Structures are given as structure tokens and as C-alpha cells.
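Just dropping this structure here.
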Amino acid sequence: MNLKFRILKSIFKQGFQGMWRNRSMGVASVASISAVLVILGIILILILSINNFVMDTTTKFDEVQVFLENDIDDGIMTKIEKTAMKNKGVVSIIFESKDQALENFRKDWGEEAYLLDGLEKNNPLPNSYIIKVEEIKYAENVVNSLKGLDGVEKVQYDKEVIDKLLMIADYIRVGGIVIIGILVFVSVFIISNTIKLTVTSRRREINIMKYVGATNNYIRGPFIIEGVLFGLIGSIISIFIVYFGYEYFFKLVNEQFYSLFAVFLITPKMIFKDITFIFCAIGIGIGAVGSIVSMKRFLDV
Amino acid sequence: MIKLISVSKEYDNGVKALSDINLEISKGEFVFLVGSSGAGKSTLTKLILKEEEVSEGSIYLNELDITEVPNRRIPYIRRNVGVVFQDFRLLPNKTVYENVAFAMEIVGAHPKDIRRRVPMILSLVNLSRKASSFPDQLSGGEQQRVSIARSIINNPPVLIADEPTGNLDPETAWDIMRALVDINGRGTTIVMATHARDIVNSMKKRVITLENGRIIRDEQKGGYELEVPNTEKHI
Amino acid sequence: MNLKFRILKSIFKQGFQGMWRNRSMGVASVASISAVLVILGIILILILSINNFVMDTTTKFDEVQVFLENDIDDGIMTKIEKTAMKNKGVVSIIFESKDQALENFRKDWGEEAYLLDGLEKNNPLPNSYIIKVEEIKYAENVVNSLKGLDGVEKVQYDKEVIDKLLMIADYIRVGGIVIIGILVFVSVFIISNTIKLTVTSRRREINIMKYVGATNNYIRGPFIIEGVLFGLIGSIISIFIVYFGYEYFFKLVNEQFYSLFAVFLITPKMIFKDITFIFCAIGIGIGAVGSIVSMKRFLDV
Amino acid sequence: MIKLISVSKEYDNGVKALSDINLEISKGEFVFLVGSSGAGKSTLTKLILKEEEVSEGSIYLNELDITEVPNRRIPYIRRNVGVVFQDFRLLPNKTVYENVAFAMEIVGAHPKDIRRRVPMILSLVNLSRKASSFPDQLSGGEQQRVSIARSIINNPPVLIADEPTGNLDPETAWDIMRALVDINGRGTTIVMATHARDIVNSMKKRVITLENGRIIRDEQKGGYELEVPNTEKHI
């Protein structure tokens, strides 16, 4: 027990010492790790923002409109309202009178609004309920529950547009995951390669340790600690660069272009935790695993 | 202690460095290994340390056939063998003190023991002043003495020294030899490959002479006598 | 002359030999270079595709509609046509009768088309010309030349949408250039770092050469050649991966989702030349410059 | 040929390796440099090669003050000085043949000359069989001989050999010495740092003895006599 503890302590000492004494190589290696992670961060933000934008757009279509028959009594209307509210995900239900509807049309149409002139007297538009749902996926149920109900003439939602948007969102999500997956893979590859180059340049040292009678674990230990520290430092640097860089950019965009872009962009806060987690995991993980794997070859002596 | 049974070594590039070596060295012996450059002395020491694998034959160290030992166990075998390497093999990123202490740390020695023993051994090889120097700040002979210090720090039962005095002036070389004799007197088996004719001749120990990878002479209380049968022309 | 040539020849020999003899390090270093360039390639494609998509969308708005007064004679119409055609960038000019316009409305409105019922008899829509321009920027001139002309009731184009789209396109282009700029910088950094690690691991060799009396140029030469070769191999590998990888992906997308995505994506052919050029420039350039810079430190002995 | 005027060398870590060295070696001389381990022999050779900078004083090589020479010119100075390094310094990725040929290639020698001369020198140091081996496939003595071969391949006006026989058996060492004498006879100035008492004593050449960074003796036809005035206790 005491022996093991002493050996462990000595391994840690060697690890920190080794890192310090090889700092010129270490700097290059940490810099590469940071650089790769910065790239990963930029892409992550890019893809999350695109995703965000698409998701944001879909929420603009998250309503179901229920057109009512003319002249129905309050009982029927209450029943429709209640049925609608019973569905999961319903956020609000708003009554839109036929006059209001015409007015809205007029606004929407803008320059072509004159086409609607003269419709006021014999307004062909129906009264309706506009039901907002929390997320688009809840719309389908609402529609089904209301269809065929007494007093309901027609239930309408932008199924086509929504389906298309959801599909696009899906593809972007899948595409994003694929791209990020590739990037993570490539980052891992570059980082482990960097570690490999660092370890390779010290193969003679590893050999000497072996010949003096150090066990593989004893030799590996300090290198793993070094690798982990390099990875950790690299990821911390990249987290700082990505987070503050993006915060600066985000502010700039917000101040200069107001809402135009801001809605598309994911907020720095939202990504901070993810990035910290992902980066540390990659940096430290690859630092450790990379050291172990790249040493394997040199330990067989 | 050390027993080689029809050991041969052929390197990957086809060089036959050792052929059919049979040899037995008992516990506590002091053996010189002599032979001209390229005769196979270092190869023999490398085989005992399992730095190289034998091509044929077996090597017993303390009744244990080391050619059969699984990789995992090799470090523990090496700890029983102190080695002075011909090319020193000091860790470039560690000071003299740390290089010597390293051999103790890997076996989990107590820090107190390390702090006591390392300075002692360093003063034995006359390097106390250089404790905090790095290997590339040392002269050739100083590096060699660090390698010697490291090899004996753990009081190994076997000590293999590959030309431990090649970079030392005669005076210092004799200091080292006295130290080795002293260690040998306390029970350590010593195998020393060397070209130092004076030393071999005056020590009157067992001398094994290698030539072209074969043992051509093995004498108790021998001397340094090299016949080079098939030399190429001299200038 | 002859002496210089011999030295040059010997430098080349050493370069190729050095690359071959250090191939295990070389593999790691080439792999890193390729990996970085692959990332760059993916991002390049991503950004170009987004740009493409936006540009594509703007071309959907590249038309100007000229509403005509009722009952004008052919002379006036010819004159309008001629004036329109005189503008730069006009591609086609198509007459749309009021009946045709109503029909189009009906199609566009889909479910709400019943609102238009009864308008046939007294069609309030005007006859019009639809003028297609080559690029959106030509629209402004067309509009100005036609405004106020005899027989022209109104000239309309989606100025607001178009301006917004053009602005977005601009921002995306700038943002894309910035991101790609950062990426190129980071790639350069990683590659030169990798080269540095490779060179550092051979500092002893460089020292020895110096002590034997080799000039700095002589020592540098083979390393530069090695660096260039590593860079070249790395970029060729990455070009292959990116090009064929993307071609495969592009085909897949085209087959599975038809036009839905295909229009967004830039075609592999379109990027091949750019990628080849950029990658080779980065790989070879950094290979050479990286070697020179990282050797500087070791040559001062 | 070589002239040192009150040269001192203090390393970055404060070690004073040489103090106030005044020395003149004429063209065609053969000079032994002796002294105990750490006395400053290698430091002296490193200064002449401009591997290290002097702290004080000047060094003239062929009337040229090399301490004043701009960096750019250093390689051309080094080409006039063949060196056998104490630690060999062979290029690990080049074969024996290529290592030796390298010294010729950097001066732009004609390939025909290279192909003729390299095998000649390799056979001189008895390494013809090892021409295509890499340094780490050689024994210590073989590496040393490659280093010797490389140092003399260009017929340099000055040859500095830092313990060129440390890893050689006496027989081979004498072969090398004979070769050096031969080269010296053809006009090359030779400075050889060594611990080989036998060789120094039988050659009857000029012997410069260093101790603690100072010249304590400088004798024509001298012998290897080391007094170690202030040694620490021996065992």
C-alpha cells in the first residue's frame, strides 16, 4: 500500500517535471490541440445556429386554425374550446372573428389589398379559433381531435410547409451531427497524432527507462499525466478563445444588425457548458489515450 | 548465477554477433569480457539484460530461463541487474541526482532512503559537485560515472559494466575499479566488458576472450591477450 | 556552376532519403496535414453551399412586374416593351393577361382560392409584363426607366425582400470569408506546428550536420524538400478525401431527396479546382515555410 | 596554426571549464591533450570548433581570429577542421557509407571522388564490411571508427580527435594511431585528447596536461603523468 502510494507519487512528480522540462515541445503540442478545438468550436456554433434558425422558423408555423360554421351557439363553441384545450401541448386558443380575419388579410396583402374592396358587406370569411401549440409535433393531435366536431367547418394548418420545415430541420440535424462527428473524429486524430509526435521524439528516453527496469505502467504514468495536462491546457485555452471570441462576435452582431441575425445565432451562454464539456472530454481523453496508444510501440523492448 | 547454453545471436540484418556461447558465471565472481572491437561483448551483455532476444539457446539468471520470461516480468528481472551502458543512456531531461534517484524510485524506495543513498553514491564516483547538472552539461567521463552510480545504487545481485572506464583517465578508472572490487567483495557478481589492458592484467581475475562471436579463451586469473588471427592489412 | 549543381543534387537526394528514412514520423505528420485540410474542405463546402442557397433564392426574385392601364393600344405596349429591353441585364419580357394573372393567383392561394370566386366576371387585376433580369442588381434601372411611362399603372418588384436577401447574402459572404480566414489561419498554424514537432525531434541531427561543416542552406535544403513533400502528399490525400467524399455525399443527396437539397449544394465539379489550388498552396507553402521557420532556432549553433 | 590567447570558458551554469589558456600549436604538430575527467579537454576542442563560444580571449586558426568570425562563415572554418567527437555524433538515419560521404558532399565533392575515396577510408578503419549498416547497428568501437573516418575523409589541415580510442581494443587503437601518424606525416596538424597512457607514453610527442581548466604542463616528447593535487578521498 505504502509502496504503491510512493510509486504513484513519484509518477506524478515525473509527469509534472516532464511537462515542464519538455515545455518547448509542449507549447507546440498544446497549441495544436487548442487550434483543432477552436475549429471544432466554430463549426459547432455554426451548425447549432443554423439548426436554431430552422427551429425558430418552424415555431412561426406552430398554430392550427379552426374555421367555424356560421351562426353556432355558445355551447358548441365552449365545447370546441374545451376539446382543443384538452390536447397536450396547447398553449393558447384565440378567437378570430370574420371581421378581424378580413382586416388581417388586408394587412397581409399590402399592395394587393384593393382586391378585397367590397368584401366587407358580404364577408365570405368564417369565424375561427387560432390554437397555438408548444411545439409543432403537437399540432397533428389537435387537428384530429377537432375534425368533424359539431360546428367545425374545417381545421387547417400548414401541414405541407411544416412537414417540409421539419424535414429540413431533421436533415440539418443529421447533417450537423455527421459533420460534427467527422470533425470530432478528425480532431481526435490530429490531437493523438500530435501526442504521438511528442512521444516519438522521446522514444530514446522511454527505452532507457525500460532498460533500467521501470515497469510499463511506471513509464506510461508520467506520459499519461503529461498528455492529460497538455490536453487540459489545450482545451482550456480553446474554451476561452471560442467562448470570448464568440461572445464578442455575438455582441457585435447584436449591436450592429439588431434582430436581423441575432435570432439566428445561438447565444454564447447556451453553448458554454456544452463546449466546456466536449472540449475537456476530447482534450483530456485524447491526451490520455493518445499517450497510451503512441507509447505502445516503444514499450515493447 | 548466470548461465548461457549454446547461445547464438544473429541480428536482423544478418550479422552473426555471437555463435554457440556456453558460459557459466557463479555467484560473487568478477569476470572480464575482452575481445577486439565488434567481437560481441556488448551483444552478450544485451542478451543478459534482454535488450536483445537470443536467436538460439537459453540464458539462465538465478535459475530462471530469461528467454522464456513473459514481457510483463522483464522489468523485475532487469532490476536484479545493474548495468553500465557503453553509451551511458542517461535521461536527458533529468539531473545527475534525478538520474541516479530514478533507479531507486522505480522500485518504490522510500524517499528518506533515496535522499540518504544518492548523495553517498555520487560522492563515491566523485560527482557530488555535479548533482544538479543535466547530462549534456557533463564531460564524457562524468557521464560515464553517472551511469556507474546508477548501476550500483540498488545494490543489484548482478552488475554488468560495458567498458565502464573507456572515458576515464587511469587515475579515475582505478578509483572506479576499487569501488567495483569492493562491491564484488560484498557479494555482487560482476561482468565487465573492457579494453583496458592494464586493468585486466593487474586484477588477476577470470578473463573471457571473445573473437568473432566465439569464446576463444576462458582463464581464471587471466590476462589481456588478444590474438587477432585474420586481421586485414595494417598501415 | 558545376559545384553548385552537385550540391543541389545532393540536397535533393538527402531530402528524398530523409523523408523515406523518417517515414514513421512522416506518416503522422502527413496525416495531421491531411486531416486539417479535410476539415477546411468540409467547412469550405458548407459555407459555399449556404452562400449558393442564398444566391439561388435571390434569383427567384429577379423579376420586375409592370402593371398596365386598361385598354391601351399596341403602340404604347410596343414602346413599353422596347424601353424595357433597352436596359442592361434584361433577359426576357413576358406578357401576362389579366385572366392569366387570376389563374396564377388561384394556384398560389391553394385552399383559400375560393375567396376569388366570382371575380372572373369583373376581373380587377390588370394586364402586366413580367421582366426577368439577369441579376437582381439590374432591376433598379429597369424600374426607373419604366416608371411614369404612358400606359404604365405601376411598376413593382420585391424591393424589400430582395434588399434583405442581398444583405443576408452579403453578410454570409463576409462571415464565410471570416470563418474560412480563421480556418486557413488555424490550419496553417497546425501544419506548421506539426512540421515544427517533426523538425524538433531531429535537432540532434541538425546539430551534427552543423558541426561537420554543412552550411545552413545545405542543412535547410533537405528539410524544406521534406516539408514540401509532406505538405504535397498531405494535400493530395485531403483533396482526394474531400473531393470523392463530397461527390459521394452529393450523389446520395441527389438520389434520395431529389431537388430538395441538391439546389442548395454546390456541385463537386465547381469546387474541385479551388480546393486543389487552396490545399496545394497551403500544404506546400506551409511545408516549406514551416520547415524554414522551425529550423531557425536549431541552426544557430 | 592554432593559437589561444588567454582563453577562458565559463558555461552558462557557472562552471569554469577553462581559465586563462595560452597555447600555440604549429602547423604539422602532433599534440596530446591529457588531464583527468572533467579537466577541460573537450571544452578546449569545442572552442576551436566554435561549438562553444569563448568567455574571454581569442583563438586564431590559420591567422584568423575565429571568435570574431560572423555566423555565416563558421561552416567554412569547420571544414578545415576534421573532428572525432567523444560521443561520435553520427547521423542516425544515414548508413556508415553515407555518414562518411556526407562530409564530402557538403563541400560539393565530385561523385566520382566520393565513390573512390569513401571505400578507401572505410577500409583504412577496417569497416568495409559495415558500409551499409546504420549507426545503431554498430558496436561502440565501430561507431568510433566511423567518426574517425569521417574526420579525415577531406584531408583537413587540422584534425581534432577527442578520445578517438576510448572504445577500441589496444590492437585496433594502435592501427588508428598509425593511421593518424601517417596523416600527420603528410602535414595535418593533430590535437588528440586522450586517456590512453600507453599510447601517449610510447609516441613521444608533445603532451599538454590540463588540470581544473588550466595547463599545468606542456612538454615536447612528454609522457602521461597526471598528478591529481587535490583529489577527494579514495576508497
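The letters A, B, C and D name the chains in turn, as written, and every chain counts its residues from 1.
Definition applied: a residue touches a chain if its C-beta (ideal position, glycine included) is under 8 Å from a C-beta of that chain, and two chains touch if they have at least 3 such contacts.
Please read all numbers here as calculations on a predicted model, not as lab measurements.
Chain centres here are C-alpha means, and the one lying farthest from subunit C is B. A separation of 25 Å divides the Cα centre of subunit A from that of subunit C.
Look at where the CA atoms of subunit A average out and do the same for subunit B: the two points lie 62 Å apart.
Annotation: 66 Å between the Cα-based centres of subunit B and subunit C. Of all residues in subunit A, none touches two or more other chains. Contact of a single residue of subunit B with at least two other chains is seen at no position. Taken as a graph of touching chains, this assembly forms a single closed ring in which every chain touches exactly two others. Listed by chain label, the pairs that touch are A-B, A-C, B-D, C-D.
Note for the complex: subunit D touches subunit B at residues 11, 13, 15, 34-38, 41-43, 86-87, 123-124, 126, 133, 137-142, 144-145, 162-163, 166-173, 175, 178-179, 182, 195, 197-198, 224, 226, 228, 231-232, 234-235. Contact residues on subunit C toward subunit D in their complex (touch as defined above): 3-4, 6-7, 10, 14, 17-18, 21-22, 204-205, 207-216, 218, 300-301. By the touch rule above, subunit A contacts subunit C in their complex via residues 24-25, 28-29, 31-32, 35-36, 38-39, 42-43, 46, 50, 111, 114-115, 124-125, 156, 167-168, 171, 179, 182-183, 186, 189-190, 193-194, 196-198, 200-201, 257, 260-261.
Partner subunit A is touched in their complex by these residues of subunit B: 49, 51, 71-72, 75-76, 78-79, 81, 83, 85, 89-94, 102-103, 105-111, 150.
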